[in-house]
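Some structures to go through are shown next.
The same chain A turns up in both complexes below, where it pairs with chain B and then with chain C.
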Partner chain A sequence: MPPINRCLPALRCLRLVDNAAQRQSLRPLTRIARPTIRHHQSRLHHTQAEASSSASTADNAPQSPPATSKPEVKYTSESYPNIKRNSKFKELSADDVQYFKDLLGNESAVVDGVTKDASAELEGFNSDWMRKYRGQARLVLKPSSTEQVSKILAYCNKKLLAVNPQGGNTGLVGGSVPVYDEIVLNLSRMNKIRSFDDVSGILVADAGVILQQADEHAAKHGYIFPLDLGAKGSCQIGGNVATNAGGLRLLRYGSLHGNVLGLEAVLPDGTIVDDLSTLRKNNTGYDLKQLFIGGEGTLGIITAVSIICPQRSPAVNVAYFGLESYENVLQAFKESKKHLSEILSAFELMDVGSQHLYRNATGAKLPLEGEYPFYCLIETSGSNSDHDSEKLNAFLEHVMSEEIVADGVVAQDETQLQSLWACREGISEASQHWGGVYKYDLSIPLPELYDLVAECRERFKSNGLMGETDDHPVKDVVGYGHMGDSNLHLNVAVRRYDKAVEKALEPWVYEWVQKRQGSISAEHGLGLAKKEYVGYSRSETMLRLMKQIKDVYDPNGIMNPYKYI
Partner chain B sequence: MPPINRCLPALRCLRLVDNAAQRQSLRPLTRIARPTIRHHQSRLHHTQAEASSSASTADNAPQSPPATSKPEVKYTSESYPNIKRNSKFKELSADDVQYFKDLLGNESAVVDGVTKDASAELEGFNSDWMRKYRGQARLVLKPSSTEQVSKILAYCNKKLLAVNPQGGNTGLVGGSVPVYDEIVLNLSRMNKIRSFDDVSGILVADAGVILQQADEHAAKHGYIFPLDLGAKGSCQIGGNVATNAGGLRLLRYGSLHGNVLGLEAVLPDGTIVDDLSTLRKNNTGYDLKQLFIGGEGTLGIITAVSIICPQRSPAVNVAYFGLESYENVLQAFKESKKHLSEILSAFELMDVGSQHLYRNATGAKLPLEGEYPFYCLIETSGSNSDHDSEKLNAFLEHVMSEEIVADGVVAQDETQLQSLWACREGISEASQHWGGVYKYDLSIPLPELYDLVAECRERFKSNGLMGETDDHPVKDVVGYGHMGDSNLHLNVAVRRYDKAVEKALEPWVYEWVQKRQGSISAEHGLGLAKKEYVGYSRSETMLRLMKQIKDVYDPNGIMNPYKYI
Partner chain C sequence: MSGLRILVPVKRVIDYAIKPRVNKAGTAVETNGVKHSMNPFDELSIEQAVRLREAKVPVEDILVFSAGPTKSQETIRTAMAMGADRGIHVVEEKIELEPLGVAKLLKQVVEKENRNLVILGKQSIDDDAGQTGQMLAGLLGWPQATQASKVTIEGEQCTVTREVDGGVETLKAKLPMIITTDLRLNEPRYASLPNIMKAKKKPLEKKTLADYDVDVSKRMKTVKVIEPPPRQGGGKVDDVDGMISKLKELGAI
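Moving on, here comes the complex of A and B:
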C-alpha cells in the first residue's frame, strides 16, 4: 500500500481559504465515479473476518489463527457437543434420492459417495467459507424452478427430512451449512433476472441471482441495488433478504424491510407464497413477507425477490479526519447529517487503537500526521459532483473552525479514495496481528456506543489481563464500525486465546449490551453462533411469540433446524 | 385564489437562456423554506374526500352530495345489512363498566346515557369524520398507560367483549369506528414524547401523539417525521403505523416498514409486546412488529412507536408543467429521478380533465396558458437552495429541449408554491362539482397506470353513459395521483349516482387492477370498506395465511371485528 499522506492536502489549509496563494496550493476536490466493483476481495475478507465473531460463543469453535495454513475443520457436531441430532428426522434412503433425481435430474442432485467428485463437491456445501462450521449432508439439491422447490419441500415435510436452505453460503454465523445430515437445498440454479422496470427502478429476480449481478443489472439502467456488502461477488439476493443483510448502503437507503416490495417463497408444506408485488403502496392485509426477511430460512425458502432500486449516484467523495473525543465524533456525525444531509452515504468510526492495529499489520502510513483518539471516514454520493464537493467543503470548514474535527484529508482520486477506505476496511484483518482476537458485532444506542470499548479496556487493565509485556494475554481493546447505523465492532486483540479473557468478556459484554437495549447481532443474524445468546437482546415474551410463528409455518421443524431461536 | 400565470416565468424562456436580455427578464428561482404546517386544512379535506372511495363498495353508504347540509348518518349496521352482530360477543354489563371505571377513573370511561354530554361525546367516537360510518358503542375507554391497555384487553378477552382501537379517527375506510357495540379504546391520553435522540434522529413516542406534534418535535431538532399527510393535525402516530399510512413523503423517505424501528403493543390477552427498539440494525429473530404495521388494530393495540427521522430539508422548490402524452410523463418521471435524484420529494400527475374539474369548481386560472393532455407537479427538498435550483433548472432545460415537457412554470415564492400545489390538491374536492363522483385509490404498475383511466373513459363512451348532455349520468373520467408511488386516483365525475354506472365500474375496475397485479387499496387500508374486495389484490393462499396469523394473535377475534380480511 502506498503512503498517502504526502499526496493528500491537509484539511487545515481549508481554514485559510481566503488566502489566494494557499488556496492555489490546494488541489480542488476531485469527483470520483465509484466503480461497480469496489475492492471487493478485501471487503469480503474483512466483513467475514469481522463476523468470525465472539470466539467464546462456542468454546470449541475454531478461531482462525494468525498463521497461514488452514486448520482441519471440525464437524459442527463436535464443536457443539450439546446439540444432538433430532431423532425425529428421517435418515436419507435410496428411495428418497431416487425421488429427487427423478424430479430434478441427476446433475441437480449431488449425492455423497457416488463419485469422488461428488464427495468433494458435497464438502463445499457442507462447510462455511470461514471453515468454522461443517455439516454432514449427504445430498445437495439444486432446483431450477419454484415448482421444483415446492415439490422438494412437500416431500421432505411429509417424510420428515430436514432441510438446510443455502444461497451463496457466505453467512457468518453458521446459518448456511447443515449441522447434521440436513439436505442442502441450494438456490444457485434459480438465477434469472425476471424483470426490471426502467421507470420505477423495480427489479424482480430469482433468489439465486448473485448480488453483484443484480447491482450490475440495475447499473445498466442508471440504478443501484439498495444493498452492498463485501461478499457481493458470491452472495445471493435471496440469502441477503433471508438474513436481512445490513451492509454499506443502509445509512443512505434504509433496510430491506423498506426496500423489498415483494417476495415469492415456498413454505415447508410446499405452499407457494405468491407475494411478489411490484407496488410501493399496497395496504391489503398483513405484510407477511416481512417475516421471511431476516427469518434465516426457518419458515420457508425465498425463491424470488421484488425490490426497489434507487437512482445511482455518479459522484462519490471520501474524507478522513481525526477528532479529540467521542463527544466530538457525535457532534461531527450530527453536523455531517446537517450539512451533507441527502448526499451522506457513509459515516464510519475508527478509534486510535484500531488504526494502530491497521498500521502495524500492514505497514501502511496513516493519512494524518498527528495522532488523535478517534478517526472518522465520511463518504458522500450524489448526482452533481460540484454540488457535493461544495457541500463537503462547507461541512469540513465548519467542523474544523468549530474545532469539532482536529485535522483531515479528502481523497482526490480513486487511489486515494481506496487508501482512505482501506484504513477502515483493513482493521478487521489486522485485528489478529498480535496473535488472535475476540470480536463482537453489536448495535448500541449512539450516545453510549463507545462506552463499551472504554469500559472493556478499563476492565482488562484493572484485572491485570492487559499490558505491554508478553505475560499479559490482552494487547489492546479497540472499537470501530458503522457509526451511521449505531453498529460497533468491539475487538479484543490478544497475544493468545485464554479462558480468563473469555470469562472476563462473557456474559459481561452481552449484559452490558442488554442493559442499553442494544443488539447482540446487529447485521449478521443468529444462525447457529448466536442462537444461545438471543435472550440478551429479546425478552421471553418476544421469544415465545417468535416460537409461535415458527410453529405456525413449520410445525414439523424441518427448516434449518438447530439454529435461530 | 390569485391568477398565477402572469407572475410566473414561462419555462420556454429557459430555452433562450443564452440570450442575455431574455435571461434578465427571468426572475431567478426562489428558494422557499416550507412551513411546518402546509395548507393543512385543505389537505385534510382533500385526502379524506379522495378516500370517500368507491361509492359502489357499499350501495347504501352515503355519498357526500355537492350541497352543504350534512346528511343524517345511517348506522353502519343499516348500510351494510349483510353484516350481523357476532352473537358470541358479550353485551356490556354494569359490572363491566364498574370494572373499567375502577381501573381508569370516571373521566376516562365515557358511558352512554349517563349524561347528555356523555351521549354527545360518544357520538363523536362512534362516527367517522366523513359521516359515512356510524357505530353503536356504549363505552369509550381512554387509558393513559400501557399497563391500563393491557388490563383492559385482558378483561375484554376473558369476557369476550369486542374492542375497537381508535387513534385520531381520521381513517378513510371505516376502520376506526365500531360497527356494532364494540368498546372504543381511544389512545388520545397516551400522548407523550418519550425520547428524542438528537444525534441519530430517533423518536420514541406514545401511540396517541398527534402526527403534527411529532413532526414539530422533530423539527425543533432539525429533523422531519418521515410521514406527512393531510390529517396530520388530528391523526395519531399509532394509528398511522397501524394503517401503514403512505402519504406525501413516501417517495423520498420510504414506507413505515423501513422507518419504524420498534413498537410497543398489547395483544388481546393483555401481553405487552416489548419491541420498542431504537436500533437501526437488530438481526435477532423474526421482525414481528411488521405484522402490526398495517395490521389495522386486528392483532393488538400499538401503544408506542420508535421511528427514525431524517434530516429536515431547508430548501423546497415546486414546478408545474404540461406534457403531450403519458409516454412523456413516464419519460419526465425518469428524467426527474436522474437529474433530481436525491432531492426529488414529489412527482404528482394530473390529467387535463382533473385540471378542468379544478378550474370549473374553484374558478382558479390554471398556471399554463396552453392546454395539454397531462400535467405534472414536481417538488424538490434539499439542504442547499442554490444547488437545488441549479439541479431543477438543468432538469427543466433538459426536458424542454428534448420536448418531453411542452411548457411549465416554477414557483418563486410561498404563495406561488401553494397555488401550484392547489392545482393538485384541489382536485379531489372539485371532483364532485358536477353532482357526484365515484372514486378509487389504486396502485398500478407505472407503465400501465394511466391505461385504466383511458379505458374507463372509452367504456363509458361506448356504453352511452357518458356525454355532454344532461341525459348522460357520466360527465367525465379523470385520473391523477402520486405518480412517484404508482398511486392512481381514478375519479368518475357524474351528474347523479346511477346503478348503471356502478355496474359498468364494478367489478370491472377491480378485475382490471387484479390483472396487472395492482392493489385495490394503495394507502388507505381495508377497514370495513375494502374487506369484501381484498380477493382482487390477494390470492386465496395469502388470505389463508393472513387468517392463520389473526387466529394466532386473536383467537377470540375480539380486535376490530367485522373488518379487514
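Moving on, here comes the complex of A and C:
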C-alpha cells in the first residue's frame, strides 16, 4: 500500500477484527462445519455465492457439534440411496493408472488412490465446499494440454471408465464432485491465457484459468470480464462456461450464451472440437458450442474459451434504498431503467428479514436508520463520473419526490460502496448462521417474484414450524436476489435440518414455480441436487430432445454420470 | 454561554481505496480521471461536529470550509448532507496550498466567522503532512488536542481523549480550541437521500484567495515522485523434486 493512504487500512483492519470476534463468539451455534482442508476455502468463506441446492437429504445428516473433531461428510451414495453405481462402468485397475501416469508423464499430474493410499489428498477433490456431497473417486488426473485430455477421454471411453470433469469445485448443486468412483479430471493445470486482443476485447484462455485472474488480465487492458460472482477467487472460467454461471454482471452484460464466442472442447471419444472462434457473427450452421455452455460437462470437456470482454467502466456509483411495498420496488426498477438506462449495472432486491439476518450475524450497522419491508441496491457504471452523477441525481430526486422510495443513501466513497454491497452479498453467509439453510435459486416472473416468499412465510407460521424460540426449527424465511434478472433466492434459515421443514418445502416450492412458468434453477444448474426436479421446468418433449443429444455425443454415458437430466 | 460555532475544514483527495499512480513526468501523483472523495479524517470531523449537536451540546452552527478546485464543492455538499449547516468554498484551481498557507487562511476564516471550535482531520491522506491543525493553533494562540479518539464538551470545558504510544491521554481545555481527529473517534454516517436533497439548498458561499489577506506562495518544490519498486513475484513448482532443484539453484541447500 503506497504511503499516501497507509493510515486507512488500519481502520479497515480494526473493523474486520471486530467482525471476526463477533463471528467467533457465534460459532458454537453454527452447526454446518466449514471446509477445513480446502486450500481456497478462506477465499470462498465470505463470498459464498447464493447456494441454491435444494434441501437435499445430505443436509439432514446429523452433524456432531464443531467442538468435537471435524465431522466427516456423508457419502453422496448414502444420502441418495436411490442412486446405484452403474455396473457397466469398469473399476480402475493398476494398469489403467499406469497408462495415465505414462500419458501425463508427471508425478504431480496424477493423484493415485488405486495402487496406494491417498485418501487425504483425494478428499479435496471428492467433497464440495459446502460439505454436502462426497464422492469416492480414487484417481484424479490433471492434464496440462488439450491433447492429453483427448487421450484420457478416448481411453476412458474405450474402457468404459466414468469421468467427472472438475474446475474450481465451487458448484452449489453437487455437479463438480463424483458420486461413486468416477475419475476426477481436474483442469487446474490448464491455466494459460492464450491471447487478448486490445482492440476487440476478445480473450482466449484455457479452461482452468481462475475467473479473478482472467478479470485482472482484462483489467490491465481496460476491459472487464463479463462475469462476476462470489467465488471468483477459486472458480475457473471453463467451469463457469460449463455451468453457464449467472452472477452479478448479467443484467448489464448478458449471459455467457451471448458472450462466449467460441470453445475448444473434447468429446468422450477423444475428438477435439476446435470451435475457438473469435467472431461475433458466424451464421454457418448449428451453433453447437451452445450445447456445451450449461451442459455441465455431460457432453464433453471444455478446454478453452474465447470470450468478448466489454470496456471497463471507470465511474461506479452505488445507492441503497428503503421501500414501503413490493409495488414500489417494481416501480423503482421501472424508473431506474428509464432514467439510468445504459449505465444501470445492478438492481438487487433484499427484504427486511434478509437485512436483519445480515445485521444479526455480522454485527454490521445497516445503512438506513428507519425500517422498511424492502431494500434495493442500485449500481451504475459508466465512462464519465460527472454524467453518471447527473443521471443518478435526477433519478434519485425523481424517486424521492414521487415517494417511490422512502429513504436511501448514496455511497460517497469506495469504502461506503463496499459496505453497501456487503449488505447484499453478506446475506448468503448470514442465513447459515443459526444452524443451516434451505436455499432455492429460482426464476419467477417479476410481478409475482416476492409472492413466493410471503406465501412460504405464511406456510411456516401456520404449521408452527417457525418461531422465535429454539423449539421451532425455522428461524426465518427471507427473499433476495437479482431483481434485474427476475432471479429470486428463497432462503429458509433454520436452527437445524428437519424432515418436517423439508416436507413443507418440497415439492411445494417447485409446484409453485411450475404454475408460474418459472425455472427451478435460475443460475446454479442441475447437478445432482436438482436432477429429479427438472420435470417441473422442462416438458417431456424437451427432456427427450436433450437425452437424444446426450446419446449422440456420449453414447456410453461416461461423462459426469448420475447427474443433470 | 452562547453555543458552539464550529468550523470543519474539508479536503477533496484521491479516494483511499484507489491505488495512486505517479504521473508520466514523475512530478506528482496522477489525479486526472481518478475517483476523488472527502479526506476520511475530515469525514470523522464532520461526524463529530454533528454528533455534538445530537448529544444536545448547544451548537449554533457548523461551517464547512474547503479551498481548491471547483469540484471541491461536491465535497462540501457531502459534508452538508451529513449535517453541516453552510459552506464556504475558496475557489483555487492552480496553486496547490501548503499546510502553512491553509492554516493562515483558516485563521482568517475563524476570525471573520467568529468561530470558537475548529475540528480538523489529523492529516489529509494525499500529502500526509499532518501539520495544519497544529499550525492553526499556533497562529491563533489557542489550545489544541490532536488525534482525538473521544470528545466531550460541557459548557466551556472540552475533554479530549487522545491515543498515544501505549495508552491514552486525556486533556482538558477551555474553549476556544482546536481538535484534530483520529480514526477511532467515530464511524461516519452515510449521506441519506433526503439529506442530500436538503444539502442542495443549504448556503454555499464562493470566494477567492483575493478575499483573504494571506500569502499562500509555495515554499517548497517537489523534486521527484517515484513509486516503490514492484514486489518480485514468487514462483510455483510442480512437485517436491522441483522444489529441491529450485532450492539448490538458489543455493539454499
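Keep this in mind: the second predicted complex is superposed on the first by the 477 of 565 C-alpha atoms of A that agree within 3 Å, B and C clash if a C-alpha of one lies under 4 Å from a C-alpha of the other, contacts with A are read in each partner's own complex, and residues count from 1 in each chain.
One rule holds for everything that comes next: a residue touches a chain if its C-beta (ideal position, glycine included) is under 8 Å from a C-beta of that chain, and two chains touch if they have at least 3 such contacts.
Computed from a predicted structure; not experimentally measured.
K.L.:
Contact-wise, after the overlay, does A:D413 reach chain B, chain C, both or neither (first, second, both, neither)?
P.N.:
In the superposition, A:D413 touches chain C alone.
K.L.:
A:K365 in the overlay: touching chain B, chain C, both, or neither? Say first, second, both or neither.
P.N.:
A:K365 contacts chain C only, not chain B.
K.L.:
Check whether A:V405 is in contact with chain B, with chain C, with both or with neither, and answer first, second, both or neither.
P.N.:
Once the two structures are laid over each other on A, A:V405 reaches chain C alone.
K.L.:
Examine A:E342 and indicate which partner it touches, taking first as chain B and second as chain C; both and neither are also allowed.
P.N.:
A:E342 sits against chain B, while chain C stays out of touch.
K.L.:
Comparing chain B against chain C, which has contacts with more of the residues in chain A?
P.N.:
B
K.L.:
Tell me which partner A:S385 touches in the superposition: chain B (first), chain C (second), both or neither.
P.N.:
second
K.L.:
In the superposed arrangement, does A:E397 touch chain B (first), chain C (second), both or neither?
P.N.:
Touch status of A:E397: second partner only.
K.L.:
Have a look at where A:L330 lands relative to chain B and chain C in the superposition and call it first, second, both or neither.
P.N.:
In the superposition, A:L330 contacts chain B only.
K.L.:
Which chain A residues contact chain B in one complex and chain C in the other?
P.N.:
Overlap of chain B and chain C footprints on chain A: empty.
K.L.:
In their shared complex, at which residues does chain B touch chain A?
P.N.:
Its residues touching chain A are 197-201, 222, 243-244, 246, 250, 254-255, 257-259, 271-275, 277-288, 290-291, 293-295, 299, 311, 313, 330, 333-334, 337-343, 382-384, 387, 390-391, 443, 445-447, 482, 485-487, 517-526, 530, 534, 537-539, 541-543, 545-546, 548-550, 552, 564-565.
K.L.:
If you look only at chain A, which of its residues touch chain C in the complex?
P.N.:
2-5, 7-8, 10-11, 14, 106-108, 314-315, 319-321, 365, 367-369, 385, 396-397, 400, 405, 407-416, 418
K.L.:
Using the touch rule from the top, collect the residues of chain C that touch chain A in their complex.
P.N.:
Chain C reaches chain A through residues 14-20, 29, 33, 35, 37-38, 40, 43, 78, 123, 125-128, 183-184, 187, 190-194, 196-197, 227-228, 238-239, 241.
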